[in-house]
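After this come two complexes, each holding chain A, first together with chain B and then together with chain C.
Our next item is the complex of A and B:
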């Protein structure tokens, strides 16, 4: 056995252990740290070669979403002929800012947003926050001069509410987190005994562990949980407080806020997420046609042939390449001649059923409770309540009254009429803010899996589906490239859409270069 | 008279525009030429008998179908059916009947030989060749989305469909579906139906 083998073996052994203890996500992250897997994210667009004089290449882009717009922007800069077809009557895909007067084109439940028309009164129905690590996307925001502001994602003054915890009384996030930590820390100090020491853990280490737990849980010098002076909820002092805290499932939702793409403070464009779409459209809007619905997509020997219907008329488009962001669940129903081994992947990945509902608040009642931005969590159907980070101290604001990721919750809300959804969200919001329903009005809701030309958000990849299908679907079928956040390691993030576009245009560039040499 | 004719043609144009919107909604989920889309669990409609299609739309609109809380896809269809213009049902059904059919992909694995024996019960109403019989109010089963046949057999058995008295022909179908003992039997019968092309 060579030294190299030994090293790789121990590395594999290490990864196995990490996988067992931390789950496979931990193993994946650890593998990235060890350089065992390639990192996929590019902060810069790929360096596409300008087309040589006299050479023309056409790229048909389906979907004027972030992936489509980035592709069009980069390719036109390098001399490619580009046509962008968008099925709906608006551009941006799931980057969608809803303002007063806007139509929500949900199948069977068309809504019109009745918010007042003021610059700060809008609702980002899709993408709504960006972490600082999404460098490729942020690069475009910088390049296109999109003005940004902070987005408060985590606010310890927001509320946590679970009917199974302390009688359903709302708790400040700070109380919930700090008190839980105290209990966990105290439990830890009692569970770790000096007799557990072996050569791996010295007496000094033991002291350090206890001190760490003391700091972590803000324990007193006797290693007892000291109730914070700021804790006002009597529930924490109750005899079975620890039992109730550990049995509550509220952390399962809130833990999402601690995941890699989440940060206490994130970024948003001033005036609505669609400002990035506006910025792209200023550059390449002339290539975009809206209301163009694809009916047939054929791979041909030399490229692609697409038949689409626009204003009741069938039209044909031929191109050397196709970059396609049509959601997989819709693409599967379009007449195509993809090979079976490719087409089967389109129906293999379940569609997400995210749901959002927003209200206009007549008064910014949350600010009177000391809440400026951030998210409250509840175990009720509405799951989350988001307070606006913008428009502070103005009279009105737009509050997100429900945000759910789970399929069952999405189905439940989608089955209701928009009025019924708003009534349910008002009723449940009362547990976070008594009197809530008197303060909010003009509810609008977006059940993404029922929105025209979408029917889903976001692609629900899991590890086995990824292992089976991701590489196949990311690779081209003939001259056809599937893109969008659905074809990325960051589903539901704009950064994923950008990365998918980078992958497609880099591959096209490679093929064009090879053909020209 | 001339003015009336002009108004009437304007109204007809408006009606056909509405029907075009409604048809676009059908195609959104059921795919190009309504040849079906497993991705959003919307079955193939092309080739469906117009009288059957219209009757199902009416059942959805009256909540005799798709109102069961466990029938998620049926509930989605019910929402869409309720949003359709009442006078465009005939036109939708007639137009879909003209769409170019594409044979559905086989997705159900079962034993067609075993299924053929059980199919005798189905054949009594739907015909040995699975082409249906309007006189008996039974639609064709051949060339349908096979996964959808499985779903509906389960829905009938589980009381998600065919329990409302206003669904006159759903009731007998529920009785028939109850004779299939388990999931394997359903797969086998559908595998046999897949051979009827």
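Our next item is the complex of A and C:
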């Protein structure tokens, strides 16, 4: 997936209304037609009453990720019997906070994190920020009393860097954004004429448009850009500077932080994203078994039958329903009896090859450059560098030294050993921060498509795949429900996982009640 | 000062380079010519060695505000004798955090704050956010080990409201911004032609500009806005919606959060802005006397002579130098012997009439609407509503219910009693949050132009005043130095106060050394 694909996907990701997020593709398309209307409606769990007395229903939940944990939490509260099987040795799925001493269970690249053990030194290897309008998810943070703080996503003082731009010299995001805006605004004021406005708009409205452009581009009162008089910090000026700025691939919206799901506000838990997992586990941990690997999954007439292996022993679980967050491409490889048209969908959607690498920084060198949190962008393989929003002015910090979402860079990093990855990230980081290599240590990395029991990151839906497969896969196969962010309109976001769980449990509960009336 | 004035002032405020901020107007104008180049250079205190043995020099510091505290801190470390006189009963100047039990000493409107006494329930009545590029100030936060966290300044999920827009219905900042952007971008793609580009730019560059507009305006691949097909949440559509959006005075850049000194990142202290004052006071509190009111200030041949009244007693202080942050318009009324051309400048610059009002909210109703920090904008007198960046998901919070910078609204609120102010703010807040009045209580307010020993907010410099007066007033009158944000290129920012102190102490130290060589 190229950076451009990523951006247009982001646009699509956003274009849903909460009311339809768990719903059908048809409803989703309707929302698309409406466009980016206000994003926030109250997103509550399905309004489900406790099971009537005397009725017992069991739900087998596969995967102790956010979708699985939410399902277990909501169902047990309503009297359902649940069992949660998790294949790996940890819970949380792609909500994973790595701290000093933790093991990274990547195929062939097992690593131990050597960060100092201080509360602010951790690495959110998967989910790492929560948009303020993800209210279903945020409702759990409130309810379970898990502390949040603002996450700095956009920082105009961070750097952008492209070897094809200004000889590869870094420049401030602020400069990049302000210069291009002023150029476009000046062009706009020259070219937009009153007669181009819709007929109901008047000369006064035209003036308002010019005033908009003036403010947007920081033009002077004569609608001229100060820009044209000056030299950029990298020493380029005038048309040549503009030529380079506009032709840089960084321009593809990335440096702007303005795609809808990246706009402020974003939030982050105090102390690591897995605090929410801990909070769920306190409530429903007793139903969860880790290291339980599903070998067979059969739909039966009345429910599901699952055979799994745990501590070397094969065990069987029978349940009335199954809520399943196993990554679809892995599920396809398990012995199952899904209908063919359902099974075919499991391998239809490719998975992202996201790669993240974190360093412990011996000192917070970025703060001395006036960078407090946020993201620098580069066209090199590392793609992004994230500075921590927390621990401001402490001695050390954990810096994200690479975050790639393009498949090629993901493959490149994945093929390297952990040490080689760290070396490459250091080398490329030097272009953003000269001397970088000397400041960072203890690199740890996660190539999601190589993590055991995962072997892929977010499901990479596109419009045609969604049209072909989404409704079918979201609908149950017998008593079996696919969930997870993979089965939502918000792949890669926890909110998608929560909404997928809401959809499944609402449907299950409705079936249970209909069967009992 | 109208909202528009405020915006253009903001632009000017930003257009300085750190290297010249404490310097002359000429240097400042040179920086202006360069435009908005990268903002951050290392901003360190002047490189001053300790006073040589045997040399004693005294500096009388008037005002225990940030400029005074920084001056005292830097000078005492270098062996200077300092005395700090503060007229009011508290230190900090316009760095002022109001908590439950605190008194607001406003002329005629003495108030006691009735907030609950919890760490997250406070009201920064003056300075309330720190841009990440204000490195001179931030250096002290680091050095004095005062904890900072991100401040949410811009929130696309917050509201904008204008009685002249959509019948006064609130709409999300996100919708406002995205709709207007898409409209302008579509116009731009229609009207900007390749031949309008500078000659060095080619057809490929033209495509890059179109792509920029496409991404900026979220246009589809045919460069059409989805906008035109849809209805805004307030029920208006098409040209009429655009007409209203563009003609709303809110358009004046305010809702965009994109003026340079408002761009991310901004920071805020954990627990109140006055934590930095506390930290300075720990270091140099022993030199500070509060309740010490200057009555006479005379320049003498070798220094200054000040008569002040404290606890009913008149006292005299003689010093080699004086660093003075008394608001200029108040200083003008003190018995002094300044040269006429210097004294004339003291009353030349008008002061802002900023007004702030805070409520304690019984519950954090805004979070249930997906608003986590940031600012809603309205064209009503209250102008802004600020939601706290901290205490997320707690029961209560302190909300800024009014923040006016237009003189008319400032005068209007100032003329009302505290109860009347709260009533007006509640009434106007209803348009942003229906039911608002029921959620908020214990309103407290600060009209800076009525606060004792202050009687004005930031100095309202404009270009002609600056050309006429700034260099003269920044230069010493004998051994007397004016400081404070009033005497900087960043009025209303603490960074300006710090830089003014740097300028004064560097000049004093140079004179001392020259006299001793």
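Keep in mind that, in the parts below, the second predicted complex is superposed on the first by the 448 of 517 C-alpha atoms of A that agree within 3 Å, B and C clash if a C-alpha of one lies under 4 Å from a C-alpha of the other, contacts with A are read in each partner's own complex, and residues count from 1 in each chain.
Methods note: a residue touches a chain if its C-beta (ideal position, glycine included) is under 8 Å from a C-beta of that chain, and two chains touch if they have at least 3 such contacts.
Predicted model, so just to flag it, every value in this text is computed and none were measured.
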Per-residue touch tally on chain A - higher for chain B or for chain C: C
Partner chain in contact with A:492 - chain B first, chain C second, else both or neither: neither
Touching partner for A:428 - first (chain B), second (chain C), both, neither: neither
Partner chain(s) touched by A:370 [first = chain B, second = chain C, both, neither]: second
Partner chain(s) touched by A:71 [first = chain B, second = chain C, both, neither]: neither
Which of chain B and chain C A:107 touches, first, second, both or neither: first
Partner chain in contact with A:333 - chain B first, chain C second, else both or neither: first
Intersection of chain A interface sets (partners chain B, chain C): none
List of chain B residues in touch with chain A within their complex: 20, 24-25, 28-33, 35-40, 42, 69, 72, 75-76, 79-80, 82-83, 102
Of chain A, residues touching chain B in the complex: 107-110, 293, 295-296, 312, 328-335, 346-347, 351, 411, 414-415, 450, 452-453, 455-456
Touching residues on chain C, where the partner in the complex is chain A: 7, 11, 33-40, 42, 132-133, 135, 138, 141-142, 145, 147-152, 154-157, 171-172, 174-175, 178, 180, 184, 187-188, 190-193, 196-202, 204-205, 208-209, 211-213, 215-216, 218, 226-227, 229-233, 238-240, 242-243, 246-247, 251-253, 256, 258, 260, 263-265, 267, 367-374, 389-390, 392-393
